[in-house]
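Scroll down for the structure; my scribbles are underneath it.
The first chain written gets the first letter, and so on, giving A, B, C, D and E; residue counts start at 1 in each chain.
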Amino acid sequence: MLQVEHVNQYYGSSHTLRGVSLTVEKGQCMALLGRNGVGKTTLLKCLMGVLPVARGKVSWNGRDITKLKPHQRARAGIAYVPQGREIFARLTVEENLTMGMATLSSREAATISGEVYELFPVLKEMKHRRGGDLSGGQQQQLAIARAMLQKPGLIILDEPTEGIQPSIIKDIGRVIRMLRERGDMGILLCEQYFDFAHELADKFVVMSRGEVVASGDAAEMGEEHVRRHLAV
Amino acid sequence: MNARIASRKSLFSRRAWTALAVVTMVAAALPLLNLVFPAGHALHISSYVLGLVAKFMCFALAALALDLVWGYTGILSLGHGLFFALGGYAHGMYLMRAIGRDGVYQSHLPDFMVFLDWKEYPWYWAMTDNFWYCMLLVVLVPGVLAFVFGYFAFRSRIKGVYFSIITQALTYAAMLLFFRNDTGFGGNNGFTDFKRILGFDITAPATRAVLYIVTLAFLVGALVLCRWIVTSRLGRVLQGVRDSESRLMFIGYDPLWFKLFVWTLSAVLCGIAGALYVPQVGIINPSEMSAANSIEMVVWVAIGGRGTLVGPIVGAFTVNGLKSWFTASFPDLWLFALGLLFILVTLFMRKGILGLFEDLKALRRKTPADAPVEEKSKEAA
Amino acid sequence: MAHLLRILAASLILGFAALSAHAAIDPNLLKPLAGDDPDARIEAVARIAALANDDARKVLQALKDDSLYTTPDGGVLVVTDDSGWNPATGATGPLPDGVDGVVVNNRLRGAVDGALSGMALLSPDVAQRRAAAEALLERGVSPEQLLLVTKALAVETDAGIRATLQSAKAVADLQSPDAAVRKAAVLALADTGTASLRPQLQAMLEKNADGSYAEPDGDLRLAAANTLNEIDSRVSRAEFVGNLFYGLSLGSVLLLAALGLAITFGLMGIINMAHGELLMIGAYTTYLVQAVFRQYFPGALDWYLVAALPCAFFVAFAVGVLLERTVIRWLYGRPLETLLATWGISLILMQSVRTVFGAQNVEVANPSWMAGGVTVMGSLVLPYSRIAIIIFAALVVAAVWLILNKTRLGLFVRAVMQNRRMADCVGVPTSRIDMMTFGLGSGIAGLGGVALSQIGNVGPDLGQAYIVDSFMVVVLGGVGQLAGTVIGALGLGEVNKFLEPVAGAVLGKIAILVFIIIFIQRRPQGMFALKGRSVE
Amino acid sequence: ADTIKVGILHSLSGTMAISETSLKDVALMTIDEINAKGGVMGKKLEAVVVDPASNWPLFAEKARQLVSKDKVAAVFGCWTSVSRKSVLPVFKETNSLLFYPVQYEGEELEKNVFYTGAAPNQQAIPAVEYLMSKDGGGAKRFVLLGTDYVYPRTTNKILRAFLKSKGVKDSDIQEVYTPFGHADYQTIVANIKKFSAGGKTAVVSTINGDSNVPFYKELGNAGLKATDVPVVAFSVGEEELRGVDTKPLLGHLAAWNYFESVKNPTNASFVKKWKAYAAAKKLPNAATAVTNDPMEATYVGIHMWAQAVEKAKSTDTDKVIAAMAGQTFKAPSGYTLTMDMTNHHLHKPVMIGEIKSDGQFSVVWKTKEPVRAQPWSPFIQGNEGKQKL
Amino acid sequence: MSALKREGLDTTHGAILYLSDITVSFDGFRAINKLNLDISVGELRCIIGPNGAGKTTMMDVITGKTRPTSGTAFFGQNYDLATMTEYEIAHAGIGRKFQRPTVFEQHTVFENLELAMKMDKRVRPTLFARLTSEQEDKIASILRLIRLNGQEDRLAGLLSHGQKQWLEIGMLLMQEPQLILLDEPVAGMSDAETARTAELLNELRGKHSIMVVEHDMGFVTEIAQQGKVTVLHEGSVLAEGRMDQVQADERVIDVYLGR
């Protein structure tokens, strides 16, 4: 279980996150919504440890991870699909996927599970191509697949549907649902694509200007309510 | 709609103009102090110090030139020593000719030619007895070489370290070429033993003073010129070349000519620096083209603060000043001190000495360098 | 010389039967050795050699090894350690006061060599005879030595040595007054011909002042011309192979010098100006290991190099790790600043070495198994030291390739270098990988230093001599491309060695640099440039 | 002041540090020695050491600093000819004194300089004469191999003229140059080997500095021994051999005006003093400290200067110059050296040594008397009648 | 906005862009395969298609970033794109927004727009250039349009992802190109922003020729209106037609839209 308590963050002097709190439970999909530039990515980076937290606390399965390095969090079972894909451009697709298993023992990391290839057949086709040569959408698929291979307890997805064709968005939706239903994994999904998030999320958090302005169960919060917070 | 949007950034702020004027005046006063006050007088400036400052000004001019291409355009040259040396050699040819028959062999040829049994000047020495022709060479030789080399390199889109390394190869090749005695530039010894310039005794204090003032004028002039360039829209294009060359192409600029323009200009300025350097230190030889010399120039720029124009001047004075001091005061240990300085500056003064001043200033004003996000505008919309 | 050899040969034949009969050497024979009349000394050598006994051999050998001393009373002693053996008396005793080494100059040394190898021709030991015969062939046999060769041939049983001697004899026969003998000799030499025969054959074809040929026999001249051609084409073939080999060996040196940089600069993007100093550290470690061996394991001195390899690797590795932890680590993503900082590091390392070891070079000797070489194609010597370096370079490259491409560590290294933040996010301890990678690059530079210590100077400036070349190699091959570095290094080596004979060393070097500049114009990202989007 | 300052201008860093550092140290030792005997004119000498860092313009700057800022009475320094050329104008302008201790190409004579190293006729020519002699192996063909700069070029030019005068054909002379720092001698050694097939060949090496080790190693690799093709070098001395495994070099030659191995009481005490000094000052590698020719020349130069000052009773440049003429000094070489009355060069003995396995030289030939320098070589046209200042 | 016809560009046949038989292959892999496509003057054309269909590559070909292996690409009747460099193409009147936002991060927002502005972009004019008041007004109006007014002095690198997208669109407008290529302009934009972008494009319709690549079907429907939509697949045109036709196409559903 991920627990975020009163997290604050600054870029220089601009206060980007202002006391953000939220929790993500196992088997649950939490959608993080908000307009452009409100600090969603910043929050996710703080959770992953890419950015330092100025004040506040992040804990994972009861353990305080606020000060841990990203790789330590990855080892603790948190996987991250960043905005902008961030694949390893000059490694092959296959090597990129192997990197997803960096936290596993080398025996486990020896083979790439067929599951991801089934989900993203294009990756199998292109497994010997360099990651950087893939199209934007293909790279996004690669980034998601890489995170799944990590067998995480929590997966953080920053706009995973960006640049992906509709049919695959549907597939990704199915995967997320499946992962959620399997019950051993928490999902933190940051999305602009409201319909997509709405379909998957158990809970919503809406941010504005670095603050959580609304949160609650998907069932309780009506679509209208949420959309109102997102309107410009 | 917005008064803050100036059509062109101002060349210098009022404060900067004042500072420039004061520094220039003080610098210009030094040779007077040397000439007017007798040695031993409290206000006397020794010829040694004067010579040192003059030399540093030449280095500063070279550093300034390098900053134009490196700091603003992102082209790291590891071969600017070549342009410096070429300017020096071009002027050196005149100075050699000006020795006349006062050389050891009392020939019309420079000593090294006599001694290699040359009977006459090779073609490339033609007309070098004319001062103004040599001055033209000072500009043309580095300029044309830079233009041609740059044209091919930039056209092939050679970038980054690839460019840096071939500039290094270029200066290295030139160094080997000039080392050859057969090349006709005095080999390893280069040109030295100059006697007069435009008829004046080159070692006379008055001549030195004039050379000093000329150097100062060029340095200040070059600073203003460079500042004018980088504050123009062209300056912004150059920075665009540095940060995202392909983006620049997609909005319709041809980076080739922009790069070529600053590159050539920079080489010419560097050549001028070399030309001013040679009569004042009395020797030009191929070791000026060694890879280490060019790297040192880069170090001056980095230490002073790249992309600031003034920084490289400060850097050249600082590094060379320290070097002069250290080599005399701690002859056994000075490399440790200098090496440590380089490391510390890199680690703790990311923007060089000038950046340090700016940070201090910012600290005093308590305004962070990074303007806060203006959420207001968003709300207004 | 010729005169002396004749004496020597004659006396050898005469004294042959008397071998080993004498007990001691006549002091009058020995006396001139202690004097300083060069001619007398040469003659004394010949006379002593003519004794052709073990004592004589001992004296001559001592002369050769600089272990013959004069005593104040004008005698000589063969000195081993602290005792001297007096060849005039056969007595061995402690060294008297005032002994002084006999000065041997090249002329005397040549005479001694000749005498010893002459004696060796008749030695009972096959290996000695073979060596002597080969030396004779190489140096050329004068007509005066013919007698000796003929004699030796008469008793020689080993076929190989016989052949060698026959060739040697043929060389001498070229001067024979008998046209038939000369002709046979010319023909016999057609396929053993060494370059040293050229002048003699050439002389046969030349005209005298009066227009007549030096060699009156027309057929013979034809045969000589043929042999000459044969030799020439042999020589030019050997030269070609030689250049190929020299190029390969220069390429291997460049490769070893550049390989560490291919990692620290090519892979990590650090413009590592201190790379040269890491080579230097490797070389100085070799020096220290050698010193330790000299001190503690003199018996195993020949194998100090084997111990130096891991030592140099680890010392350079440790220095690299130290640099990474203290300086480099703060500079990732600021490649140009690394240039400045590593330049500073390089100054400091150089001056440290100057302070500790002095500004002068230190001596690193080649182990004896590296001395000499194999002779191929008649005259081409492929030195063992060069061969060793080529093999070593190949091994190091293979190891680096395996580490980077076949291990998980290698994958992590590449991933971290491409996208440090993301590698961190997938669970790679990036700062440890950074440290290991820089350490690996440095360690490999250390290995390069071991190799460089075997062919050149070990001094504070060692690194400076290789830094520019190393960057050229890495860039030429394409930054980040191991294969490029290999091809780049070997390519530069070969081009250099084929250019040098034509253009000379200076212009050759200039031509190489111009070649690099032009090559980069054609391939702005180096030889093995990556193409496509992944590069952006 | 109650001290007399003298400047020491030798590179302690950069490429020349390798040779020049020990000159600085020997100069300091000599100054200590003079001071221990009461100094000069009753005043102690005070050394001002600077590091021109193998950078020629910096040499000029430092020279000016020594002369005009530190006001030294004389400067002892420089190694390469180019460094000397670059400081000359300073010494001329300020009318001060430089003592230059290294063998050089000649073709220079400056009022403000005293040359305590060898001119070509005190080193190169005798060496070649020796190679041509019976004892030297009777060489008929010559490879003139050098680093491409003035000293080797001039020396070789003089040698070529000399060899011609001895009837050696042009086709029997090969002149080869390599760049500074050249490290790969495979091709050149192969060529020497080929060339030597044409007759008894000797190599005259004016290779300078760092290239020597790779050159000799390659010679060894190719199996060329001194008895086959002797190499005589003009820039390789004891100090350089410290960094070389001398086993493969056995018998190769060097020509100098002094070797550490010469036996005489003056030298014995010089060498002893130096070793003690090195140990006392904890110089790096003090255990293997050696002396060499330029060190001896430095030693002689400083002593002669001190004698001249005593004689002139002044450190005034012109007076000291006048007093220098005809100064004599019993040098470690075993000869009493005289400063020429007119040409500012020492009369020096010429010695030829063969390299021994312990890194020392055994002297195989030497002149009976010191030889007068001919800075203007008669083998270069236009030099006739130019032997004076 | 500017006149559609720029001097020199010959669009007498009504089309502004012709791609015929374009093939691009990377080491044997055909990213584009005999692609034929025309865009008429003033048309707003939407391009959709699976990831990896070759949409971005096609834009690369049009803007000179990638050279076609074979085939011809013409801008108007007279500009052979295959022979032109990137900046010549840009100068001739083709502007592009990249799939990932690319702005000059070290320049301020204002400077980004200023650099993009239509003008003589050779060295000398740039050196002596001064901003006229019209040009200032132009920049100010664009700033308002992309809602970055008040932030013109911020470094572009500090903007959020969405803001960068807008800035890039602003730069595009400053360029006043005749043909605008937009590669996924609303990726990462919030729904509200997307709607605004759609609005903007609908305004630009007819004034410029526009080619839009997007995966957001809502957005595409909004801007395509009754215009043509092209579906690329494996490097060639799979289907072409009005949005509703395309959406109903079984093959398009199979490879792209999904069920």
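Please note the rule applied: a residue touches a chain if its C-beta (ideal position, glycine included) is under 8 Å from a C-beta of that chain, and two chains touch if they have at least 3 such contacts.
Just so you know, these numbers come straight off a predicted model, no measurement behind them.
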Least hop count linking chain B to chain E through chains in contact: 1
Maximum inter-chain contact count - chain pair: C-D
Greatest separation from chain C - chain, by CA centre: E
Length of the line joining the C-alpha centres of chain D and chain E, rounded to whole Å: 74
Length of the line joining the C-alpha centres of chain C and chain D, rounded to whole Å: 29
Gap in Å, rounded to a whole number, between the CA centres of chain B and chain A: 52
Multi-chain contact sites of chain D, meaning residues that touch two or more partners: 12-13, 148, 177, 179
Residues within chain E bordering two or more other chains: 26, 158
Two or more partner chains touched - positions in chain C: 350-351, 355, 464, 506, 509, 532, 536
Chain C residues touching chain D - in the complex, by the definition given at the top: 38, 66, 101, 103-107, 109-110, 113, 139, 194-196, 198-199, 235, 239, 242-243, 246, 249-250, 253, 350-351, 354-366, 371-373, 379, 381, 383, 385-386, 455-461, 464-465, 496-497, 500-501, 504-506, 509
Footprint of chain A on chain C - complex, ascending: 408, 411-412, 414-415, 418-419, 421-430, 480, 530, 532-536
Residues of chain B defined as touching chain D within the complex: 46-48, 51-52, 55, 104-105, 107, 111-112, 114-117, 176, 179-181, 187-190, 192-194, 203, 277, 281-283, 285, 287, 324, 327-328, 331-332, 334-335
Chain B-touching residues of chain E, taken from the complex the two chains share: 63, 65, 85-88, 90-91, 95-96, 102-107, 110-111, 114-116, 121-123, 126-132, 136-137, 139-140, 147-154, 158, 171, 175
Residue ranges of chain D touching chain C (in the complex, touch as defined): 12-15, 17-18, 20-22, 134-137, 148, 176-179, 181-184, 186-188, 190-191, 193-194, 197-199, 210, 213-214, 217-218, 220-223, 226-228, 230, 239-240, 242-245, 247-248, 251, 253, 283-285, 354, 356-357, 362-364
